[in-house]
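Before any comments, here is the structure.
In order of appearance the chains are A, B and C, and numbering begins at 1 in each one.
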Amino acid sequence: MAIQTVLIINKSGGLVYQRDFLASSTKLSSNDYLILAGTLQGVTAIASQVTPKALQISGSNLSKAANETEYSIPYAGPLGVKDQKEDMGSFLPPDYFTDSFASWSKSGLKHVTTDQFSLFLYQSMTGMKFVAISTQSSTSNMAVSFAENFLRKAYCLYADFVMKNPFYEPEMPIRCELFDKKLTEFVQHL
Amino acid sequence: METGQPTEITEQQRAQLQFQLFQESLPKVSTSVFRMLLNEMVPLSVAVEDKVGENPGGQHETSSKNDLEEAIASNLSLKPCIDPPSHKLIAEYAVADEDKRLRIKARLNSMGLQIGKKLSELLIFSNNPNLNFKDMDLLTVMKFICRDVWRQMFGKQIDNLKTNHRGTFYLFDYDYRPIQCLALDGDVSDLELNMIDPYLEIPCGIIKGVLLSLGFDAKDQVSCEATVVDLPDTKTGELGSFPKGISFNVQVLLQ
Amino acid sequence: MTIYSLWIFDRHCNCIFDREWTLKSNQASGTTNSKQNEDTAKLIYGMVFSLRSIAQKLSRNESRNEIRTIATGKYRAHILCTATGLWFVILSDLKQEDLSHVLRYIYSEIYVNYVANNWLGPIDFAETEQEKRGQGTRKITNRNFVRGIEQFLSPMVTR
């Protein structure tokens, strides 16, 4: 599974970061990417609206504990980090990433497959959306949890190298060299 | 035919083989496309009836020559004209008056008759070893219709043949192919049976046509009409099959 | 194996068939061609339409890039778009990774047989200009089709 593109969408649906990792990937204009980000934002909202009635009925009966296990994402192994010691600049120890974690996006869009590619979407609690487009069309649940682990680490990089940058203005397009560099490194080591 | 001599049997087998080879050499037609064409004949004849009704033939008789030419010219103009969809035309048939229905059915019947006349030639020329027309009595011909004509047209044989041996025959088809996929909402209703009605007219014409070409050709000698009957207990309830069987009642006056 | 609902859309953006099961334990539960589902149908249409246009835009070559599945944290939608503009959509639980064969069967064995081959029913459900612009409410109601869908999908609801 090769990562073709990574997008970051802020909580109001604006595209703040876009990067292609493959030379052969499609060249969309920046305007197209903006439209794409807006569409994904809208679809995420719609997707939670059309939750089947059967789930709405049974969902209210489930206990809280059952709900929690249902939405926890299993740990998918060390991705992209050559050495566990080499941390990602985070204040958290590297073994923070060796546990399963809870997904914040319970009913929103997560995964789209088409004939040519898959698109994965990871939503943070603050409403940031991290999107990865991979060159493989895979519908397996393994791929979904794998991608979520990947995007969670991208989120961590974002927290470390964008949020800690004093010159970055929140909600605006990200132009941080260090973040670029770390993300590319991370994707290449995948 | 059944003589029991070994040479005779090989002769029969040879004929069978030859017939089989001949059948395989024929060009193949997709059954679903064939059935579509056959089914489309019904809405077509309703559409034709509509068109003919718009310009009745007697209209021009009183008008002068110039008017006549104009009328013909206007009828000849190539206006793009698409008939209403098939299901509308059939629904139209179901609510039409008796006169119009009879005209539509007569048109379908005559189409079937033409097919029947030609079909019998097609089946006989191919030297089918199963056919024996040496002593051509009516029963042999009816069996020919039940077996060969039906297989050629609908890919199956008639399920049951009843006769009083005095010229009356009942041909039961519990699985009449052209109508198998036809359905309205809910259970079978009178409206639906009304709509099915014209679909039974083509095989009636075919039966008549085959009998005609095999010598039963005196005026009004053969009559055939179809009625809807209940299925026998062993056949009911299958999905995607029409819940009623068809009985083709053939009446041949013997001279 | 659990499926929640089936939706069919025609090329005029109308929902021409919907079947939703509301109880996992009861395969006869739920609604068929319900008027209450009109809004949900429109939302599903909008969701598929948007993601389909994204897929088309991101296509790497000239060939059409059709959408296959959409997953959220709760359910997964499986989609089959035909060349004639029909969309078949099934919503299922997340354990169903790929139901494309089921959609294909519904299209080829049930829809073609009982709708396209039914001379008593329409093949194009929009009759007026207005209905051709997504305002149509006509549904597939003929007994063979409804029964065929029921017979084929019901075992998957409770399993």
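Just so it is clear, contacts are C-beta pairs under 8 Å (C-beta built on N, C-alpha and C of every residue); 3 or more make two chains touch, one makes a residue touch a chain.
What you see is a predicted model; the values in this text were computed from it and never measured.
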- A-C versus B-C: which has more C-beta pairs touching? A-C
- Task: Name the chain whose C-alpha centroid is farthest from the C-alpha centroid of chain B.
- Result: A
- What is the distance in Å between the mean C-alpha positions of chain A and chain B? 65
- Report, in whole Å, the distance between the mean C-alpha point of chain B and the mean C-alpha point of chain C. 38
- For chain A and chain C, what's the span in angstrom between their mean Cα positions? 29
- Item | Complex contact set, residues of chain C against chain B | 113-114, 117-124, 141-145, 147-148, 151
- Note on the structure: So, in the complex, the side of chain C touching chain A is made of residues 2, 4-5, 20-24, 30, 40, 43-44, 46-47, 50-51, 53-55, 57-60, 63-75, 91, 94-95, 97-98
- Over in the complex, which chain B residues touch chain C? Could you list them? 32, 35-36, 39-40, 42-43, 85-88, 90-91, 181-187, 192, 195, 239-240
- Message: Which residues of chain A touch chain C once you look at their complex with the stated criterion?
- Response: 24-26, 28, 32, 36, 39-40, 42-43, 46-55, 57-59, 71, 103, 105-117, 119, 133, 137, 139-141, 144
